[in-house]
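Pasting the structures here.
In what follows, chain A forms one complex with chain B and a second complex with chain C.
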Partner chain A sequence: MADEIEFPGAATGRSALSRRILNHLHANPTIIPLFVLVIGLIIFSFVVGERFFHPFNLSLVLQQVTIIGTVALAQTLIILTAGIDLSVGAIMILSSVAMGKLAVTLGYPPEIALLLGIGVGGLCGWFNGIFVTYIRLPPFIVTLGTWSVFSAMVQYFSNGETIAQRDIEAGAEFLQWSGEAMKFGAARVTTGSIMMLMLAGFLWYMLNRTAFGRHIYAVGGDQEAARLSGINTKRVLMSVYLIAGLICGFAGWLMIGRIGAVSPLGGEMTNLDSITAVVIGGTSLFGGRGSIIGTLIGALIVGFFRNGLALAGLDVLWQEFTVGLLIITAVSFDQWLRRISN
Partner chain B sequence: MAQEDIELMSVSVDRTKPPLLSARNLHKSYGRVVAMNGADFDLYEGEILAVIGDNGAGKSSMIGALAGAVRPDSGKIVFDGKEVHFASPMEAREQGIETVFQGLALAPALTIVDNLFLGREYRQPGLRGTIFRALDRRRMRAEASKHLSDLGLATIQNIDQVVETLSGGQRQGVAVARACAFGSRVVILDEPTAALGVKESRKVLELIRDVRARGISIVLISHNMPLVFELADRVHVHRLGRRIAQVRPSDITMSDAVAIMTGAMEPPPDAAA
Partner chain C sequence: MTHIKRWLGHSVSVAAIAIGCTAASAQDGSVLVGLITKTDTNPFFVKMREGAAEKADELGVNFQAFAGKYDGDNDTQVTAVENLISAGAKGILMVASDTKAIVPTIQKARDAGILVIALDTPLDPFNAADATFATDNFEAGRLIGAWAKATMGDGAANAKIAFLDAHESQPTVDVLRDQGFMEGFGIDIMNPDRRGDETDERIVGHFMAGGSEVGGREGMETLLQKDFDLNVVYTINEPTAAGAWEALKAAGKDDGSVLITSVDGGCPGVRNVADGVIGATSMQFPLRMAAFGVEAVAQFAKDGTMPEVTEGLEFFDTGVTLVTDNPVEGIESITSTEALELCWG
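What follows is the complex of A and B.
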């Protein structure tokens, strides 16, 4: 057929320009969080001044967001499939306890303990995946349950005791490796931060340059449509939960590097903080839309806002207040984008 | 297109040969709901077969079985002379049967290119493809543009556009283009005009004709009687989970077809299936 068919209906009531902007926002969901980050940095540079942009302070923020950032990467994969994972923090702690127990108490070589600990994370993720994929329970409920289950396992294996820093230093110093810092002038960048960025790079590649990554978006956007397109949706979902578990296990290692010890406490806020970073980063809680870079930016926004507000001398409650506002704004924006596109 | 032209086009359909795709005595129940109750089906090479039936008559289940999306409890499906058992839509596609499912089966947040190649992406040659699983995006983009312009959908200028920003007609265009680009033998369209206005429906109709002109056989499930009577070479009437008649649009009026479909009229004796 030679003559061109034009499909009408797209332009109703909206100018070409606003449609182009809309299309850009759809194609590049990270524009808005990036904008928020830049605005925030500008405001803090005026309010706080030089101290804020001091290399030491910038690298401190990076250190502070490394663990949440890593867990948020896992959370991004889950949320892209229209799921949610409330057990990420518990998986992280359970993995770090496993590493500490194996290396310090049971005397395994720390490298083996690390791999087994990450494996524990993978097992937890796999467990979540089975319930979500094959028993078809809502991810919220499954991970609410496994949050408790994994937390109980943490208490069982650790007896509620911390493995002290000096005990780890004695035989399993490798477990603290991620806390080692490289100095770039006044900036101190930990190996953990670098590994987090490398992991983000790897996941970006996976999501954007491989068929598997495209399938994650398709499954999250419309699972039935993905299935009818010939995608093995069960395998995609299982893989995502498994990978998320492995990443949380990896975050457990970073946790040991950060605090130097293995603590059965901590991580309670990690679940919600990771969701916060993902949502502020522009990933839709309804699935199918979002990005790894957005999540990194989201984690940095939270880190810089907390840091900037603290340096400005404001009470911690205003940090919470601001982060809360950011979450609501981000979700409202996502809703608005969805509504006008339908 | 005038009625005579359609008659002319259908002359090329050879019904002395065995059907290209056929089904016999398909059964499927979901609990107590019987979706297929001994359904038969025949599609001949090169024809446009319309399937009509009331809501809940089991058309979509039958189509699902032919497309690999539904596994029948019993019965037999023969494609190109061989009995087939499709376990997934992918297996049907590998044989050259493409389906545009009702509701489109597009991934809303992905681009047009991503959607066209969803589930059958090209990978880069060499190590980049095998080890790093890298997609060959350039090749996919080039082929996507070609397919869309072949089908006269060139007004979709930006193939990197996200599907959910397209209008209903454009989305339908993408879904049909995907099926037609890869469907080497049979394209099944389940309610392709359901969400469309009159003008957009015309475009889809032209697309369907264009695809048939390439020698691809078409199954068209539709409630849109004018569309059915304008396009189809034969009409398969489905009722209560099975085929109750096969008629030629020229032998029957639209209102009689609807009457047979709803059970208000017995099918003519020579048309009963």
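What follows is the complex of A and C.
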């Protein structure tokens, strides 16, 4: 990611300056989303006024992007390997239902229920990985299938019933811990948000400072070349799907903290929302290029745009409209960079 | 780069124009009312939104609508409530997708001094909202049951009744309408919270039709297999009734020998009453529900008055009216022509 790539076509037709800018953008895919985020914040500060920059509101947006942000971290790892995971939302809900059932209905200690619930997520990820890696099915198809399978399991285990807040508080309050807010003046930062940021820091380190992380980029860039250069590509892929599953399970816990209850409904759009955050964050759907920081910024962009447009009094359909435009713009830009670099 | 800049330029101007229209008044400290529905595609919710927007306009309060992306989308509803808290709303009108899971978030809004009114669907627990404005679904069922009984006259004693309900899990609305019908028809309902524990021999059977046309047709076919001579059909809603009619037609029983009753008051349903497909339907009033809600919030913002409940009920009854072209004595009703003026969807 960090290596400078020369653009042969650009060298002849363009000035040295624009070539350098292109190189820089290619090497640092987070610059564009960061730019969009800053511009967005400036626009909303003018349009909405002080309510937007009120610490309560800023911390609220952070809370609102916690779930999608966390799932998008998992999605980033998978998209970096040129894959895609449509089952992330279903894994998340399945894990949270498992935690709730184990702790509330079956009376397990909530800490054990949490670990087992995250384990369920890992198992789902591992299942995806087997099909992608060893049976060599396209990730889109595999996870399209497991999305249904995991959703069906959710209905099976939950009977479609929500576990209410009062029942969780009665014996498994620990499951709600991620929703607890620390007060900094008017701001409310939940432990869940902090854990998401810590997880992002950890994944950033893993991707950029460890051999395993570099291998993920290599596999996504060109799997065959990675294999020929001695990387155990199958193990890398399996690990990525497994880790993604574990992260989604973890997101299931954050979900319980955020809404205070365990709802078997919902999560249906989480897969697409996470892909949205990843793509707007500058990660290429073709694999091998992108970053964790970009994904966080991508999630924040979506969160701030939705919140800002809502505070400005705009109808929800214009929020959808704007997010849609952001996606198309982000992907067009990625395509354009790829075309030039070829 | 250039097209990015251009796009940003466009979006700035679009935002500026839009904000000029809608948000100018948000700054003047006036009242903001939010409506959050399950989705924004169901005509029932579209009508609600229309009613709320009109009333808000009339009372000079600001109004903003939110909706989940699909039925069951709790997370988007949570976000909408939070954004309304942040925007300083005075009241939230809510049709909850997950009546249990939304409760902690609703509590946050109430803690922030916001009046929360559950529309159409009560929260679980009931008192999680400050008030509930809804159709009296038991009464909706009772009206069509009583109409069917009166229409059949002496034949009611030997009626054969098919029930096309919605879901196996016995959702409240589903049970209330079903039990209301039985009460109106003169069937001993035993436990009013439970459907299916009745022993009356006039009941042919219950089928869970899911509230859809496909389910209605399948259910009718199944129950016709059970007893081909059935002559009264209760349906949970009008799409189910339309499906049942298709099955009756296919079986050659579309000669007026079967009475179909339903609940809702959607425009396609009312047209089916006019065409003689549905004998009678109980109309509910989503527009009125939302308009009353806006009124209640405006009143609350003015002097802190809390909304009242209808006498004898634990919620505010937004009314239900029987629609039929064959009125019977003792039951007030309107004709399908009148109903077409009031229907939704």
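Everything below uses one rule, namely that the second predicted complex is superposed on the first by the 332 of 342 C-alpha atoms of A that agree within 3 Å, B and C clash if a C-alpha of one lies under 4 Å from a C-alpha of the other, contacts with A are read in each partner's own complex, and residues count from 1 in each chain.
Here is the rule we use: contacts are C-beta pairs under 8 Å (C-beta built on N, C-alpha and C of every residue); 3 or more make two chains touch, one makes a residue touch a chain.
Nothing here was measured: the structure is a model prediction, and the numbers come from that model.
S.K.: Considering only touches as defined above, state whether A:Ala261 meets chain B (first), chain C (second), both or neither.
M.R.: second
S.K.: For A:Phe56, decide between first (touching chain B), second (touching chain C), both and neither.
M.R.: second
S.K.: Which holds for A:His26: it touches chain B only (first), chain C only (second), both, or neither?
M.R.: first
S.K.: Quick one: is A:Gly160 in contact with chain B, with chain C, with both, or with neither? Answer first, second, both or neither.
M.R.: second
S.K.: Quick check on the superposed pair: does A:Ile78 touch chain B, chain C, both, or neither? Answer first, second, both or neither.
M.R.: neither
S.K.: Quick one: is A:Asp222 in contact with chain B, with chain C, with both, or with neither? Answer first, second, both or neither.
M.R.: First partner only.
S.K.: What is the contact status of A:Ala211 with respect to chain B (first) and chain C (second): first, second, both, or neither?
M.R.: first
S.K.: What residues of chain B sit close enough to touch chain A in their complex?
M.R.: Within the complex, chain B touches chain A at residues 69, 88-90, 93, 99, 101, 103-111, 114, 118-121, 123, 132-135, 137, 151-156, 158, 160-162, 164-170, 173, 197, 199-200, 203, 206-207, 210.
S.K.: Can you tell me which positions in chain A touch chain C when the two form their complex?
M.R.: 32, 36, 39, 43, 47-49, 51, 54, 56-57, 60, 63-64, 67, 159-160, 162-165, 258-263, 265-270, 306-307, 309-318, 322, 325, 329, 332-333
S.K.: In the complex, go through chain C and note every residue touching chain A.
M.R.: 3-4, 7-8, 11-12, 15-16, 18-19, 22-23, 26-27, 40, 62, 64-67, 69-70, 72-75, 78-80, 82-83, 85-88, 97-105, 124, 169
S.K.: Show me the residue ranges of chain A that touch chain B in the complex, using the header's touch definition.
M.R.: 1-10, 12, 19, 22-23, 26-27, 205, 209-212, 214-215, 217-218, 220-222, 224-232, 288-289, 341-342
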